[in-house]
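Two complexes are shown next, each including subunit A; its partner changes from subunit B in the first to subunit C in the second.
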Partner chain A sequence: MSAGLRDIELRSRKTEILIVATVLIFSIPLILSYSLLVLSSFSKEMVTNLNPRDFIPTLRNWILFFEGRTAVFGGIRVNICHIVLNTLIVALGVSFLVTLVGSMTGYAVSRLRFSGRKKFMALLMLLHAFPGSVMVVGIYFLYLMFLPSYQMVRLYSFFFVIVARASLEVPMATWLMKGFFDMIPWEVEWAALVDGASRLKVWRKIILPMVKPGVAAVMLFGFLAGWMDIIYVRTFLVDQTLATWIESNINAEYSYLPLVAAAGTFYLLPTIIFFLLARRLIFTISATGVKG
Partner chain B sequence: MTKTNLFSKIKNFIHSDAFIFLLPAIILIIVFYLIPIVVSVYMSFTPLKNWNIARYIHEFVGFENYWRFLYMVTHDPTVRPIFITTVVFILITLAINVLGGLGLAIATFFMGEREASSTQLLWLLPRMTPIAVYSMIWYYFFHGSEIGTLNSILMSLGIIHNPIDWGQSIIPWGPWMIIIFVNGLVGVSYGMIVFTSAISNIPKELVIAARVDGASNWSITKNILIPLLKWHIVYVTTWQMLSLLTTYDHIFLLVEWGLVNRYYGTTWALYIYNMAFTAAEKDLGLAAATGVILVIVGAILGLLALKILGFEKMVKEPRGDI
Partner chain C sequence: MVVVRLVNVTKVFRTGVVGVKDINLTVNHKEFMALLGPSGSGKSTTLYLIAGIYRPSSGKIFFDDRDVTNVPPKDRNIGLVFQNWALYPHMRVYDNIAFPLRIKRLPENEIRKKVLETARMLRIEKLLNRYPWQLSGGQQQRVAIARALVKEPDVLLLDEPLSNLDAQLRISVRAELKRLQKKLGITTIYVTHDQAEALAMADRIAVINNGRIIQIGAPEQVYTKPATVFVGGFLGNPPMNFVEGEIIEDKGKLYIVIAGQKIISPTHYEPIVRRRGLRKVIVGFRPEDTMILPECRDRNECVKGMVYAVEPMGREYIVVADLGGELVKAIVPRTLVLTDDQEICLCPSLAKIVLFDPKTEKSLESLAAEKD
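And then the complex of A and B:
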């Protein structure tokens, strides 16, 4: 980002403050609503209506959350570790698969000449216009058709949700990786190819190490896609993830909402970490993506 | 193209290097994009209900589901709102996304480095937030009772005296406002990213020269930035239009939790999902027919988008081939 064009040379300080103030005013709902969620997670009552008396600081929500107690009264106990683990499995699975397939396909469309290349790329763009909800209906049909025996269903549903969710991200990952492969001077791999190495070997040993930032970016995006998903998870996965746990707790009579706020804040954490890790990355990536 | 020609082409492709690299993607695309669409088309000609595949799958009803769809759109007072909602939702959210993204990109351009990157991070947050958390945040913000943040602000300012049930009582603009707001915030960041990176590719000299000549922010925006961003504006508009036509996950929980009205808060894509998965009687034949029509609309708009964008120009020939 810092390398990009920025109007710093001759602009006036006064108009800059004015612009920042305007943007800030538009950002108020965003800042307010996120802060209230985090604040609620540390309070005995939900702090949603700006009433300072509702904010009673406590760490109890977080302790309850990690103890896996979803309700303060009664005996409902959910092992939150399992729920977090389920969410993590889906996220890591999607991340791995998207990275693998995206970097292979991205390489092919960037470097190889094959008949139907343009059509293939047009198809990748068109897939974006495929309505997700119609696909889910068809995919659920397939899911039922290949449903295994009772003991295997949980495993099957994990596998299924990961592969199905990952395939949604394949077009994005391909375009992204293509942008990165396009930037590598091809003389490098040309030399290796002349020496008789196979394409697959060149890709794995020479090219892939050169696009590490791209691979990292696709991994992160894939992780977040799996981590934040709700539709695929609630449709296909037998086990609960953080998303479906929150879904079922918001309107439930037994739920203790500040605890749900704590779970929500916890669920948000990877996003924040991602931001700190990748703030530069996001913009360099999109720059290459558009030029692609 | 003759049959043998196509055959040898396929054979050549299978023996080429590209085949190995493309195989995983091709499998995924076939299994999770193409077959599901074919299955949906098939389902739309059956009376399939409640996922009872064994019982209904060999029955055919012809185009009955399509006629029912047409009849419901024109006559059913609970279905018509969904299509009106979809059109209003797409048009207004699209305008917010494109103009908001453009506004943010230009505003951050005139800011210092630190202010700019904080603004960008803040506005990217909605896109990166898990959907359940994001929905929860706005659930409390727009909540219909006095615990809702918006209600409590307006009440403490003395603008209203009783809490307003935004998503349920002010029909249709209440639920429309909420779903447009919630999706608009997510969509704005896409335009912002594309426009920001496009601006950063503009030659610095252009702006500096204009500054030296005493140009104002406004005239730099109007005479340099906007003209150079024209192609990107078209790109973002068409791309976002397709996204909005097919999006449903950011509205799903708002409807399920009862924050917004079921009829004036549901879009076409969500309607299909709910008919197939959350309705008491899951009328899958009708859901599939409704979906197939959405696929056709999406495909037409998608092809149109590729034409408008000049797809040929976007795809260069590869360089690294011997």
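And then the complex of A and C:
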């Protein structure tokens, strides 16, 4: 797992330049809009109309954001720590659940030759193709079905959002993990059994290390899915997360956009961090799998 | 002391495919047993049954007197080298070899000692810091053997460990493996589809085909006295020649008619042939036990044939002869000068001819033995 990329070493220089150039061209709008957002968060005025004179550097937006103020004037305050914590709970919950369920079903689908396995895989693919918003109505009935007592609803709504959101990610996670498990030959597992390991030890010492990149990727996608979700959180969660909080501030009449830009930048942080950390990982997955 | 014993072992897979059927096999202490058979004959299945990876559908497996039929692999103390070696790709060579010892929770300094010792024995001590994918095929194979040996197993199981090596390396490694096995004195079962490998290495050979064991015996025995046409045709390069023959009696003596020509029947077969009243037989003779003469001159153990082709093999020539429409091979010294379509005389050594029953394709000896 330490080899990094392994590819044929005879790719022509020209192709390489072409590939890099194409990628750059397509990512320009993305990079531009993100940079504008970040810049605006440090400015008194939004710089989104590309006028350099609008950029008046200040840290006030960030200070306001961390104070939990939603507007420059007036006294509307929220506990921003609480909101971040809520977001984290949802994101980590989804991540954990997706990883757990995804790796187990992935293992089952890869290893067990049960009847209807192909159909099951196709069904998963189909499920993944459904947009989450389509299913909100159906899921709402599930939500109502198990609605607990009034005091418990707040807690329950967290649990429900996590499960509902995770279930949307499970199909993809299953496919991804299956790909990783498929790359482990049966014989390697058997070798460990013959060497004296118990099933649990085989799983922990042989299989898990070999699918580590996959697990990391699934954890990451799960986290981001939970962190970024807005539809489910807004429909079902009693509390606010960053996503719903930002959303509610964009359209409010008191809204001060540079402050929202700061919040938005903060909201993007995990994605950026993960992107930087996981670039190599994602690369390895898409290019060669676990090889090396 | 470990004697491996399989009693009436059958494995039917869930798909309905019969992996092996009614296997009876005893491998003695310190014995090197080769399990020889073509692809898909059930060799790996047999090995996995002994290892405990597969559970027999019926029958029992014993290590000495201990019934291990339902014992999980980890409690059998076996070393297994897989067909594809199955090294742990995320571990360095050192950790690969150390793995079985770490599972046993041995102290780290003892592990170190044993790993180094085993690595030295297999001459891979310079590779301990590498990952499996940084090794050549031959090196990976050594690591796999080291991993199997380091835990001092009671039984060593090897599944075609040399099949991925080139021909030269294979020959050098096979002598090495044989020495190692004798030195360590571990009961060993060695799976191979290469008859030369089995003949060269094994104390005894078990020939398997279609999931059944056909013959078990010392290499010379299996080679010179094949129990069936299949065994004769599978061992040897080139393999045994087979021609159809008809038994006739003339003045109280038995003769075999091959391609319209009469040769006397080997005397040791006479009682069996008479007792069974056989009219037709398959005559098997090995190319190296066949003499070629320019002319027959009334020799009563020879038949006339035609040279079909001559294959110079370096050390000797292989003559392909046309015997009444059937092609047979003979190994002759290089001094013999032959041209295509030349008429020659083929003289299989009477003492080494093996006769088979055309119906069952079993040798007459084994048929006679079955009766008892």
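Everything below uses one rule, namely that the second predicted complex is superposed on the first by the 235 of 292 C-alpha atoms of A that agree within 3 Å, B and C clash if a C-alpha of one lies under 4 Å from a C-alpha of the other, contacts with A are read in each partner's own complex, and residues count from 1 in each chain.
Here, contacts are C-beta pairs under 8 Å (C-beta built on N, C-alpha and C of every residue); 3 or more make two chains touch, one makes a residue touch a chain.
The structure presented is a predicted model; accordingly, all values stated were derived computationally and were not measured.
*Asks:* In the overlay, answer first, second, both or neither for which of subunit B and subunit C A:Thr105 touches.
*Replies:* In the superposition, A:Thr105 touches subunit B alone.
*Asks:* Which holds for A:Leu259: it touches subunit B only (first), subunit C only (second), both, or neither?
*Replies:* Touch partners of A:Leu259: none, neither subunit B nor subunit C.
*Asks:* Quick one: subunit B or subunit C, who's touching more of subunit A?
*Replies:* Result: the larger residue contact count on subunit A belongs to B.
*Asks:* May I ask you to decide whether A:Met210 touches subunit B, subunit C, both, or neither, giving the answer as first, second, both or neither?
*Replies:* Second partner only.
*Asks:* Just to be sure I read the superposition right, which of the two partners does A:Asn49 touch: subunit B = first, subunit C = second, or both, or neither?
*Replies:* After superposition on chain A, A:Asn49 lies in contact with subunit B alone.
*Asks:* Using the touch definition from the top, say if A:Gly196 reaches subunit B (first), subunit C (second), both or neither.
*Replies:* Only subunit C is touched by A:Gly196; subunit B is not.
*Asks:* Does subunit B (first) or subunit C (second) touch A:Ile83, or do both, or does neither?
*Replies:* Touch partners of A:Ile83: none, neither subunit B nor subunit C.
*Asks:* From the superposed pair, tell me which subunit A residues show up as contacts to subunit B and also as contacts to subunit C.
*Replies:* Residues common to the subunit A contacts of subunit C and of subunit B are 1-3, 190, 193-194, 290-292, listed in rising order.
*Asks:* Give the list of subunit C residues in touch with subunit A in this complex.
*Replies:* Per the stated touch rule, the residues are 48, 51-53, 72-74, 76, 78-80, 82-84, 86-90, 99-100, 103-104, 131, 133, 147, 151.
*Asks:* Name, in rising order, each residue of subunit A that touches subunit B in their complex.
*Replies:* Per the touch definition, subunit A meets subunit B at residues 1-11, 15-16, 19-20, 22-23, 27, 29-34, 36-37, 46, 48-51, 100-101, 104-105, 107-118, 120-123, 125-142, 144-145, 163-164, 166-168, 170, 174, 186, 189-190, 193-194, 199-200, 203, 224, 227-231, 235, 242-244, 246-247, 250-251, 260-261, 264-265, 267-268, 271, 274-275, 279, 282-283, 286-287, 290-292.
*Asks:* Over in the complex, which subunit B residues touch subunit A? Could you list them?
*Replies:* 9, 12-13, 16-22, 24-25, 28-29, 31-33, 35-40, 43, 51, 53, 104, 107-113, 115-117, 119-126, 128-133, 136-141, 143, 146-149, 151-153, 156, 185, 193-194, 196-204, 207-208, 211-212, 217, 220, 232, 235, 239, 242-243, 245-249, 252-253, 256-258, 269-270, 272-273, 276-277, 284, 287-288, 291-292, 294-295, 298-299, 301-303, 305-306, 311-312, 314-315, 317-322
*Asks:* Under the stated contact criterion, what part of subunit A meets subunit C in this complex?
*Replies:* Listed in rising order, the residues of subunit A that touch subunit C are 1-3, 185, 187-188, 190-198, 201, 205-206, 209-210, 290-292.
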